[in-house]
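A, B, C and D label the chains in the order they appear, each numbered from 1.
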Amino acid sequence: GGKLAEYCLMLGDDALIAAHRLQEWCTNAPELEDEVAIANISLDLLGQARLLLARAGRADGTGRSEDHYAYFRDEHEFRNVRLVERPHTDFADLAAFLLLFGSWRLALLGRLTGARDPVLAAIAGKAVKELSYHREYAAGWVVRLGDGTELSRRRMIAALDRWWPFVDELFHGHPAEIQLATLGVAVDPAYLRGEFDTVLASVLSAGRLSVPDGAPVAGVAGRTGRHGLHTEALGGILTELQGLARAHPEATW
Amino acid sequence: GGKLAEYCLMLGDDALIAAHRLQEWCTNAPELEDEVAIANISLDLLGQARLLLARAGRADGTGRSEDHYAYFRDEHEFRNVRLVERPHTDFADLAAFLLLFGSWRLALLGRLTGARDPVLAAIAGKAVKELSYHREYAAGWVVRLGDGTELSRRRMIAALDRWWPFVDELFHGHPAEIQLATLGVAVDPAYLRGEFDTVLASVLSAGRLSVPDGAPVAGVAGRTGRHGLHTEALGGILTELQGLARAHPEATW
Amino acid sequence: MTATELATTELQRHFERTIEHDQRIEPRDWMPEGYRKTMIRQISQHAHSEIIGMQPEGHWITRAPSLRRKAILLAKVQDEAGHGLYLYSAAETLGAERTDLTDRLISGAQKYSSIFNYPALTFADVGVIGWLVDGAAICNQVPLCRSSYGPYARAMIRICKEESFHQRQGFELLLTMMRGTSAQRDMVQEATNRWWWPALMMFGPPDADSPNTAQSMAWKVKRHTNDELRQRFVDMSVPQADALGVTLPDPWLAWNAERGHYDFGELDWAEFKQVLAGNGPCNADRIAHRRAARDNGAWVREAAAAYAAKHAEGQGR
Amino acid sequence: MTATELATTELQRHFERTIEHDQRIEPRDWMPEGYRKTMIRQISQHAHSEIIGMQPEGHWITRAPSLRRKAILLAKVQDEAGHGLYLYSAAETLGAERTDLTDRLISGAQKYSSIFNYPALTFADVGVIGWLVDGAAICNQVPLCRSSYGPYARAMIRICKEESFHQRQGFELLLTMMRGTSAQRDMVQEATNRWWWPALMMFGPPDADSPNTAQSMAWKVKRHTNDELRQRFVDMSVPQADALGVTLPDPWLAWNAERGHYDFGELDWAEFKQVLAGNGPCNADRIAHRRAARDNGAWVREAAAAYAAKHAEGQGR
């Protein structure tokens, strides 16, 4: 029903917006191998987003298309966590983002493979393989940058510090999520924290890095990304993502 | 008639797009005094653009508004020279741009004050005072950066080199311009080169700088900005400029 | 009592008399160190607020949906830079330096108005910032036109005049949007929902938790308590919301005939403290942006200084 | 004749026989220095073209108007990075180094296909690049699958297969757009007008001005002359344009029954020379973008090297 659709939008928007930020790296990566890897990760996430948004249109009975959700919703209708919309300042930011996001999403979708909605379970099953690779790729760079040169180490630490305030939000379920979780349809993200912390601690220690300790960033009247309350960065993404499609609402591409 | 409207769009688009690039400096200038000055220059140019676009709508008899032209034309319908759409890499770029653009436009509008269209002449009369200030502000910075530190000098030279290939285009009139010029309605920009070169030589020598000597950048099959053939940079500007207005075509603001 | 102590007492008495008679302290006048420090803090935090306050609106300039609104917004943000300039100058009359104050802003040693740590997410936010945020600022600032410190009081007179103009422009944008499409009306309501409570927080903590108020009122650098000003703002805003046709997001909001004021709900002081502690939705972004502007401009300022030095010495060329 | 000279003559004869029998030269084989240099130049300029060719399309990925088109375009640009990788590897079998080749690209010592110095201005350009630019590339490249240099020939087989796929995708996008709104049709026509002549220039100067062709054909690293390939491309494209419903911007274009080919107008060789000389519409931008990527990535590559060195030595941790 409507709650399942809402949940698909949450997971779909996370993937869609994260994929967009990765697309910004296209032609800007430090090596061709990374060019290929980042495009690959972005394609995986874009694929997940398309399946999830399409599922939302079937679950809520409207039959709306993936493109309807991606191109014709306004900012406050997007349900992604704020983490995915933050800009990437440098390559250390990218690596840190992928490690944090990938570890969290892998834990989440790993549990969703056993969810009661067979479509969601199948999407999760496919995604888990992809996310394992994303996490591995990210971990490799976090370790190399953390334990590379003095400069790379400084940048890696700064990157982790920049992302950290947005990590807490990943584990605070929206009421719709938590309710669906009690029915076995969704995962309450609060339960993912243990796995996440374990993975993170192990990767960071391999890179001689510490877990950051900055405070979480507040929402507005308790509302954060899952409630449609975003950072100013999302507006820039949507302007770019939606501009052409909205300029030609009657077109087919 | 149509030709006059076309000409107003050319001069109006130059101002509109130049103003946009200056707006990007907002909250990013090196000092508050420059913050105020750049906003002021952008406001002046925006004001010129509004008058010129509105004049286009009356001249072509359609009565279309300034906003129609600014927000609902596609990229190839914009008639600005390519110079104004190029991104500003750093503050030296801004100073160089303002000097080149301001000197050219001042020479152009200075002659237009005697044009046969009284509206255009009046717009030019007002603009000339503004542009004198823009040119003066720019010249001050070009000289200070050119004759400041080693670093500022290097950046100033690099900035002039980056802009230079787009300067030649400023003096190649579009057939519509040249035809109107023979009627005393427009100015053939070829005649501005002498004044432009004199001003530039004097400012650059005060900053111990040389006139760059890079070759002009080609068009596509001879078409350049005045023919609606732009660089890839204009697409990014229009996405940002027009996105919101196009998302709400029925709205009034 | 030594001669110096005697002189100081005399000066102190003169200072107090000046305040008492509602006359103004000028830069050349003797003033207690506490007063000087308080004024530097107040003025520079006000200056910082103007500068940081450019950011939430500033990033809508390039996206404004009509050229008229673009020009209005650009002029407004320019005014804010101008306000920052006067205010830093006023602080400099007390011996502070602008670059030093900027460094303190960036290091977090000095604060700015908490409101600017909230995001401006739609173009309706531009209107609501004008209506509610500038409205609240005016409530706070009108009494400061009678501040006991002369340069600040004079700056405030000019600033308040411009702020009122901005507030009317913001309100007018919202009126236009409310008469537009339903999507526009929704946008205004949604922005109002987000900004209402943070605007009320602009008046600071409740009087009971505001330890500096008494001294500031004695020095006549503050003329009303936080709660008084907050009430005044609520009373002013409710009929404006009605005129616009938006609902203020407070189920407790109701006219209290007995008090002759509107009652209103409890503010989320936990959120307020979070924002003050640097963990609001945009604190880190605002400071990072300001830091980048300072750092990216350093070579330009150095070049200007080098040029000036060279030409002062008659060298160069 | 010394013994070394004798051996070289022997090797030279073996090399020539291999070429003659349409067998392949492999990295371990002896080859004349001229052949090695020519192959390094040809392969690395091809690699550069793939990498620079990512830019005009790449900046449309974030703006693609449907998620399906976004995925297709992202995958295509990724393939181009992959092609760059194989080709640099093929050049490395001849003793070249990737970082050195990149530096030559950025310094202008080595070229890339002139076509990528034209701007991609609308989303229709993505389709037209697939249809015409990839189409022309395939005409150029299919014969290279029989290049005498083994690693290059094998890379080309894989690349050509993927390019054909891209070409069909580009054509399919254009077909969809031509069946869409009139604004979309205009966009396709306008993009076709811009890309047609530059696509014809991809085959290089007229045979009369192509001094290296004879040696390259003798070495079987080139199999057809520029004008032969250009004619083949025109003959192939005209019916495709008809199928799409777009007009090719050449008034001289007409079927010549006598020749069994399409006649076509004169190319603007002055523009071609401008672009080759570095003054095309996007030359400076393309190189500046590639330089920025190289420079911004330097610290990352250094960190990876430092990490590898540390851990190879058993140090660190």
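Basically, contacts are C-beta pairs under 8 Å (C-beta built on N, C-alpha and C of every residue); 3 or more make two chains touch, one makes a residue touch a chain.
Computed from a predicted model, the values in this text were never measured in an experiment.
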### Relative to chain A, chain with the most remote C-alpha centre
B
### Message
Can you check which chain pair, B-C or A-C, has more C-beta pairs in contact?
### Response
B-C
### Summary
Here the gap between chain A and chain D, centre to centre from mean Cα coordinates and rounded to Å, is 35
### Query
What whole-number Å value describes the gap between the mean CA coordinates of chain A and chain B?
41
### Message
Among all residues of chain A, which ones touch two or more of the remaining chains?
### Response
239-240, 243-244
### Summary
Residues of chain D that touch at least two other chains are 59, 63, 183
### Query
Considering only which chains touch which, how would you classify the arrangement: line, ring, star, complete or other?
other
### Query
Can you name every pair of chains that touch?
A-B, A-C, A-D, B-C, B-D
### Message
Using the touch definition from the top, list the residues of chain B that touch chain A in their complex.
### Response
239-240, 242-244, 246-247
### Summary
chain A contacts chain D in the complex at 16, 20, 23-24, 26-33, 35-36, 39-40, 42-43, 46-47, 49-50, 53, 66-67, 70-71, 90-91, 143-145, 147-149, 151-152, 155, 208, 240-241, 243-245, 248, 250-253
### Task
Please give the residue numbers of chain D that touch chain A in the complex, ascending.
51, 54-55, 58-59, 61-71, 74-75, 77-78, 81-82, 84-85, 88, 123, 173, 176-177, 179-181, 183-184, 289, 292-293, 296-304, 306-307, 310, 316-317
### Message
Under the definition above, what is the set of chain C residues touching chain A in their complex?
### Response
56, 59, 63, 118-122, 183, 190, 194, 197-198, 268, 271, 274-275, 277-285
### Query
Of all residues in chain A, which touch chain C in the complex?
74-76, 162, 165, 215-222, 229-232, 234-235, 239
